[in-house]
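Letters are used for the chains, namely A, B and C, taken in the order the chains are written, and counting of residues starts over at 1 for each.
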Amino acid sequence: MKPPVINFSTIQSVVEITATLAFALSGLLAGARKHLDVVGLCIVAGLSAFGGGTLRDVLLDRRPFFWVEHADWLWALMALSFAAMLFLRRRHLALTEKAIQWPDALGLGLFTANGALIALDLGQPPIVAVLMGVITATFGGVLRDIVCNEIPAAFHDHRPYALCSFVGGWVLVGAVQLQAPQWAVISAAAATAVLLRGLALWTGWTLPAWRINARR
Amino acid sequence: MKPPVINFSTIQSVVEITATLAFALSGLLAGARKHLDVVGLCIVAGLSAFGGGTLRDVLLDRRPFFWVEHADWLWALMALSFAAMLFLRRRHLALTEKAIQWPDALGLGLFTANGALIALDLGQPPIVAVLMGVITATFGGVLRDIVCNEIPAAFHDHRPYALCSFVGGWVLVGAVQLQAPQWAVISAAAATAVLLRGLALWTGWTLPAWRINARR
Amino acid sequence: MKPPVINFSTIQSVVEITATLAFALSGLLAGARKHLDVVGLCIVAGLSAFGGGTLRDVLLDRRPFFWVEHADWLWALMALSFAAMLFLRRRHLALTEKAIQWPDALGLGLFTANGALIALDLGQPPIVAVLMGVITATFGGVLRDIVCNEIPAAFHDHRPYALCSFVGGWVLVGAVQLQAPQWAVISAAAATAVLLRGLALWTGWTLPAWRINARR
């Protein structure tokens, strides 16, 4: 019996699915805290999971969207929302939030690499490509927070999040310039962002606050 | 003397105008509650009336927008906003809100049918077409609530609204699959959404809440 | 020694840079008040400076965006955000807000003229072109306020802002109809908006409030 063939793109797909689920779950948790109804939950989960990539594609004028090409994901998303409604209890909320931190960090890395690479392939200048990576990775969460009537956590919680994505984006631009093969480019960029994010979570590192907040 | 000829498209136009007015009025009411100035009122009324269709067209990469092709509507909208400012009093607010529930339900149905049909004609898969119908019908209200700094009522008030549109969209997809003539397709889809919404309003039916809200 | 050649487009560039800086600073101030972190500050500054033009370009389906063609501006924006973080103190906030009122008014005028002219050149009807001017000039601030979880000041503070832009837009449409040369068209439209805004600031003129707010 042969072992199943596991190549880079299989791994990437698995990571991508895990990450998208983590993003959708972060939307469900935010919606649950705001007491949204089931329709609101589905939409906030969808915005969190696909909002960043959709905004990137609108800005780059790219079609079709990911969720149009792979429309099955929309069904998966609805199923996930219903399952969460049926099985998640209040005591699960904090636990789930903690559990998704790591797949969420994976998503941050992978979506950064993916978004920046797409923009570079379209001939965008490096800083714009990096920015598209950041938008892909973080604007799902930003839209989630806007719809939930909060200031986006990515702008406000003084934890490095978009910054990890920004650094990962520059690693990608550098690796492309060095003409590294695509799997190395994606791995290096994603790993940088994931490790930085992991480090930030682990050490509790905070972004420098504006001194305006100080009492002097 | 001949009676005026009333055909399907005349009826549809009348319903569409009524529904758009209802959407605009819902924006004016929300703006009035937030004490917006006259400029804010015009813009919120416009977002409510045209925001859903514009977002659909941006996502589908369709131009020109409805309000670009029929720029007269923009004048009508401004006139409506001024008239509302001059003639609406506080005691009229609740009354107007009640009065627009029915034209608003008509708009929900018609915009659903319209949006889903446009997406199908562009060759989108069924679930995406249904989603485009829902976006056309509900995202004007969502943008209205975001701009007014509220959690969108469609996600939060536990009243079936987007859900009626969702079911209506599937009726449209089914009718198109059965190769029904266009007037029947639109009528069936719109009627389904309108009747469901009417039923929901009449019976006070609420969406299942997440059990997380319960005290256990 | 020859004096430097100063022509219309040099003046326009200087005014444009000044105005964009003022828009970015208004974002930084709003972000500082909400205690955003450094990433949030950069993004809110960017939204304030480029959000209106980007939304106009998405609606008109125009590419590349201003900040893609002139990607250096993104670096300038980040430098500005860092400089503000390092040097601005609480006691500077009110001062800065007062100081940017005038460059902000310049931006209102110039972006109105610019946005409306672009739309006219694309063959849009006059009312749509005027609206695109208003969107270019004001929606950066609207996005800034949405992200900061406030009702947009342009809709709410009863000071003429979008209205000045609206009038300036019609002056532009009129001047184009009269086949005035381009520098005159832009100057007349921008000057109208700037002067109206200046007059409004100077006299404290307020927009008519909806009588619904009165106690009768």
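Quick note on the criterion: contacts are C-beta pairs under 8 Å (C-beta built on N, C-alpha and C of every residue); 3 or more make two chains touch, one makes a residue touch a chain.
Every value quoted in this text rests on a predicted model; they were computed, and no experiment measured them.
K.L.:
What's the call on chain A versus chain C, same or different interface residues, using the half cut on shared numbers?
P.N.:
The interface of chain A with chain C is built from mostly unshared positions.
K.L.:
To bring chain B onto chain C by a C-alpha fit, how many degrees must it turn, rounded to the nearest 5?
P.N.:
120
K.L.:
How many Å are there between the centre of chain A and the centre of chain C, using C-alpha atoms for each centre?
P.N.:
31
K.L.:
Could you list which residues of chain C touch at least two other chains?
P.N.:
Residues 58, 61, 146, 149 of chain C touch two or more partner chains.
K.L.:
Which stretch or stretches of chain A touch chain B in the complex?
P.N.:
Touch list, chain A to chain B: 31-32, 34-41, 43-44, 54, 58, 61, 63, 65, 67-68, 71, 74-75, 85-86, 88-90, 93, 146-149.
K.L.:
Quick one: in the complex, what on chain A touches chain C?
P.N.:
58-59, 61, 124-125, 127-128, 131, 142, 146, 149-152, 154-158, 160-163, 206-213, 216
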